[in-house]
Amino acid sequence: MRPSGRDLSEMRPVSIETGVTKHAEGSCMIRVGDTHVLCTATIEDRVPPFIKGSGLGWVTAEYGMLPRSTTSRMRREASAGKQGGRTVEIQRLIGRSLRAGVDRVALGERQITVDCDVIQADGGTRCAAITGGWVALRLAVNKLMKAGDVMSDPLVDPVAAVSCGLYAGQPVLDLDYPEDSEAGTDGNFIMTQSGRLIEVQMSAEGSTFSRDQMNTLLDLAEKGIGELAAKQLEAAGA
Amino acid sequence: MRPSGRDLSEMRPVSIETGVTKHAEGSCMIRVGDTHVLCTATIEDRVPPFIKGSGLGWVTAEYGMLPRSTTSRMRREASAGKQGGRTVEIQRLIGRSLRAGVDRVALGERQITVDCDVIQADGGTRCAAITGGWVALRLAVNKLMKAGDVMSDPLVDPVAAVSCGLYAGQPVLDLDYPEDSEAGTDGNFIMTQSGRLIEVQMSAEGSTFSRDQMNTLLDLAEKGIGELAAKQLEAAGA
Amino acid sequence: MRPSGRDLSEMRPVSIETGVTKHAEGSCMIRVGDTHVLCTATIEDRVPPFIKGSGLGWVTAEYGMLPRSTTSRMRREASAGKQGGRTVEIQRLIGRSLRAGVDRVALGERQITVDCDVIQADGGTRCAAITGGWVALRLAVNKLMKAGDVMSDPLVDPVAAVSCGLYAGQPVLDLDYPEDSEAGTDGNFIMTQSGRLIEVQMSAEGSTFSRDQMNTLLDLAEKGIGELAAKQLEAAGA
Amino acid sequence: MRPSGRDLSEMRPVSIETGVTKHAEGSCMIRVGDTHVLCTATIEDRVPPFIKGSGLGWVTAEYGMLPRSTTSRMRREASAGKQGGRTVEIQRLIGRSLRAGVDRVALGERQITVDCDVIQADGGTRCAAITGGWVALRLAVNKLMKAGDVMSDPLVDPVAAVSCGLYAGQPVLDLDYPEDSEAGTDGNFIMTQSGRLIEVQMSAEGSTFSRDQMNTLLDLAEKGIGELAAKQLEAAGA
Amino acid sequence: MRPSGRDLSEMRPVSIETGVTKHAEGSCMIRVGDTHVLCTATIEDRVPPFIKGSGLGWVTAEYGMLPRSTTSRMRREASAGKQGGRTVEIQRLIGRSLRAGVDRVALGERQITVDCDVIQADGGTRCAAITGGWVALRLAVNKLMKAGDVMSDPLVDPVAAVSCGLYAGQPVLDLDYPEDSEAGTDGNFIMTQSGRLIEVQMSAEGSTFSRDQMNTLLDLAEKGIGELAAKQLEAAGA
Amino acid sequence: MRPSGRDLSEMRPVSIETGVTKHAEGSCMIRVGDTHVLCTATIEDRVPPFIKGSGLGWVTAEYGMLPRSTTSRMRREASAGKQGGRTVEIQRLIGRSLRAGVDRVALGERQITVDCDVIQADGGTRCAAITGGWVALRLAVNKLMKAGDVMSDPLVDPVAAVSCGLYAGQPVLDLDYPEDSEAGTDGNFIMTQSGRLIEVQMSAEGSTFSRDQMNTLLDLAEKGIGELAAKQLEAAGA
């Protein structure tokens, strides 16, 4: 029934390749089906003004899509002169989600910027960005710990994200682009490996949904997050 | 226990005053406690390029805050030269939420723009904007129906929004600013009067939450939405 | 002869409601006929770089129109990405006019920003903004004096503004929108209650005017300013 | 008493050199003392959208200052990414003033853009721009008339501009930069050769002025305009 | 003598992997040592306004660097709100260079946009972008020819680019970042496989160079271009 | 054969008039045929952040064209809101070229900004800007030396620029606009009087060129630079 032939609760194949750029403190290419996102983590000693002197660390994120990561070419945001609303929304989400899994006291007064650049898009780019972004962050933090710059691990519980939605009336896990563009309701679920919720964003444009449907999608999401967290830990060598 | 002395499941006083500007096709000032938002609806015959010729209508929204609607003065976005990320996120949410309650075939090929401008802010401005925005939309659509430009009512079920969150560990309904700035988890719930969900946005920065807690907040939200929808219908003279 | 039926030298009804937002140090809603402008005054301890350390104070102003304050919806300047030429011109005029009535030594090294936001427009918004802006400024200064932060009153003489013009060949006081859009010549007159001139801006697009006509308009303006100043003092509780 | 040693009612030396660039339909370099402004007029067949099809012509203006036209270098507006408030104000004034002297029916549906670029500034640049701009406009219109594209002369009465002000308490004509930066009150007066008023802008920052003082400045302005108009006609070969 | 241990006239290892994204009409990842650039070619039926109706085709290019493609993180241009001067210069160079190798009549009235995004930078990114960009262009044109949309091949002679410079006084081929940042003189040479010159850009900041030195660098460039062109043809399957 | 009737190796008449604005530390109007560029040099005590405290000086340049310096009016960049790609490219070239002729240690920690504004364009504006810019720089440095602020002369060798190209298949010196717009290949050559190369930019859009042709153009350029340098020294009174 799904265009890809997957079962309702079956994720696309997921791979996470680390160490893909030589400059970044942490990096990976995450591939969730045909969605490929390059994630890098950059450590800097400066923090945003509003926490200067607090001793707390900060994690922030930026998101972009290469112009031809999509079916038809999108205008390059740098040339358009600003980031679109969707971009801004997504990068704020990535930043908030990753921060929720960070012990900012343990991190110490430094900033880690996670850049997520979509190389090829086929639905679910923001979820792949969060999942891969956590791996890049994990690797950068490992470097800090190895160097003795950070004493206790600020990353206690992996953070991953997956989308679920109602496609042709059925609850499905991990929507690809053909499903995403048809789904009546879809949601992004960001959770920790241990099953705690970080962010839930469910949205219905043109149709509404019930609490029962919402709960079914949450069940699917929990299954997907479990699988993603295992991949994250494996990739990060933990 | 709440700074305002309210019960955990008690909303702030809500009033919706209609007809507050003489130019707009629909308008109201919604006051949810000390949060005051001016909402206007503008009908235009043109639609966005991507639906031109489709026969479908469009509803969109813009959001702004007066510079001194807040405790300390914010920089005016027009003078800063762009809308901030938060503004963009909120106005996209308002537009999506209102569209979910609109029969776009019945509306016909025209656009209604709902402007939500915060005159005074005390928490929950996006929810007030959606709730008041629907009333402005309702009044504008009434005008179309009275003029015979629209035959069957494109607004079947009122759309309202409320925030709930965990404040000092307790689930509370309709967070005001002192609560909002302290809450571990908070969510915005957009629903129809009939209890269908349109958008759920729950977010935890620095702490996570469980599915049980999520369900408790949804229960509170349903109560609040019921009260808001009654106010909306009363204000719109339905 | 006037569309509104007013006498040539008759102003529209004027009301000034103070204390309209709880956050600002001074605020009022001024209504001149159907022109409604919300004015707030914000006190800050910082001053612009060019007077830092001089001991002098500064008063500045910003102006905006809500998108649907006008007959047809205007594009939101924050979304257009810049303030238009008319906006810039008006807010510079408001700032200059208010500063002319301020003893900047007595004010001391602090800045007061007066925000004037047009809620509903029907001609004469810049004049209403100056007149209402002075009241907001007055209230904010009162707060400084009460707190002992300012010793001698920096506001010696109320500042008000009114427009006059030649409508259908006749000199008229306080043009509303239907008159303003037809007037051959129109002018904005900013004066103190005591009759001193602060700014005179007379302009003829497509037709010219004589010194005699100019003097007649000034006579009308003096009458209007007198009435406005009385309203200002009454509103400010002086 | 004046820094330059001029009499109170004495203008700086004025010269207007025409034909200074080979591309423009009309051009001149106006020199009012050490203030030098290059003015060019460009004829185009298109008109702004709001008068398309009306048969009426349009005259508009743009103003700029070379970065080192001033005592200390100013930032280039093209590099700053926008025209400053003062620039916008001035170019709107130039456009309005020139249009007031144009019979737009006689001009026919075409646009003339007058560019005024300050090569060297020493006070009074906007007035020099209007006075020189009219000459460039005159020459461009001559070309249209010679070619038979325009039948009756759309420029009936020369338009010129001069500043006057109160310097050290004395009314003076044609302020140069040292006077301008000290003047309590200063005004820009745009008139036709025949003595009709087009625009009066008087402004007092920090001090106010009386109607008597205003009238004295107007007398001075009339004298200056007469002298400027003679120079304009001589330069334009009329 | 070179930091990398290469001979003076030795290029870094070059690989060109094609078909790296599923959406683009042509794509490759070019790796010149540690410089990795992703190149995609997009075919569109529209052309820029200035050649509409001419029957001629157009090839244009855009260039970007991922924020962490460099040793320390660069600010994302989309977030800075504009493309920097270096970016603009480079993408204009890429476009001009590729166009020089295109028979625009044979291409027909369509546009091909070549996007070059630097994934990892280690000197010579603009040269790698041109060399890889030509391969992406080649693949896209192959698709047009296979589909019968283009009859005679518009790409007659491969276009490649290489940098040469004076490093520690010695002429070297294909500068990497450590060399580039120290070089007194460096140049970018764009040529066809057949040895014709398309663009020569030699630049000396702080030191100058002689015609003899220039000729030596050109000799080196010819050698490098020959090697690159062989790789291009091999990758494109020609 | 050339539209102007010049010999292949004949430059247009060149004149350099110095002291053309009273404010700048150095200034000249350079006229190369009908191309007229106003060049000013501004000395400032501050330097860019990246050399603060190094003791080294900096020379930078900005370039602009008056809107009607060209055959048809160009949009004013300040009003367009940004400098175009061509402008950015040219001003970077001017800055680099002038810096190559400066002993930055001798200059001391100060910045000289050279503004080059095209008053009238007829081809070769960037070359005229560099040649005239060097004269303005020379005059400003003379002022520093006279004042004893600089001890040893930081300008050892004049820097000049000229364009050459293949017009109708023939190598020609100093292209004017009619030649420039037709030339198959054209180049800009920046050299010192002593014949050292600073920058070579040769470009072929649509046709390619050989090394022999390149050498012929370099020969022409050397001739032109010699003539220009003589004019520079004469103008600067050296």
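Letters A, B, C, D, E and F mark the chains in the order given here, with residues in each chain numbered from 1 onward.
Throughout what follows, a contact is a pair of C-beta atoms (placed from the backbone, for glycine too) under 8 Å apart; a residue touches a chain by one contact, two chains touch by 3 or more.
Worth saying up front: this structure is predicted, and the values here are computed from it rather than measured.
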What chains touch subunit B and also subunit E? A
Which listed pair, E-F, A-B or A-E, duplicates the contacts of B-C in over half of its pairs: A-E
Please report how many Å separate the Cα centroid of subunit C from that of subunit D, as a whole number. 28
Subunit B and subunit F: spacing of chain centres that average the CA atoms, whole Å: 59
Would you please write down the residue numbers of subunit A that are in contact with two or more other chains? 81-82
From subunit A round to subunit E and on, the chains in turn are A, E, F, D, C, B
For the subunit B and subunit A complex, residues of the former touching the latter: 82, 85, 88-89, 92, 96, 99-100, 104, 187, 192, 196-211, 214, 218
Note which residues of subunit C are touching subunit B in the complex, please. 21-24, 27, 34, 38, 40, 42, 44, 62, 64, 66-73, 76-83, 87, 113, 115, 117, 119-121
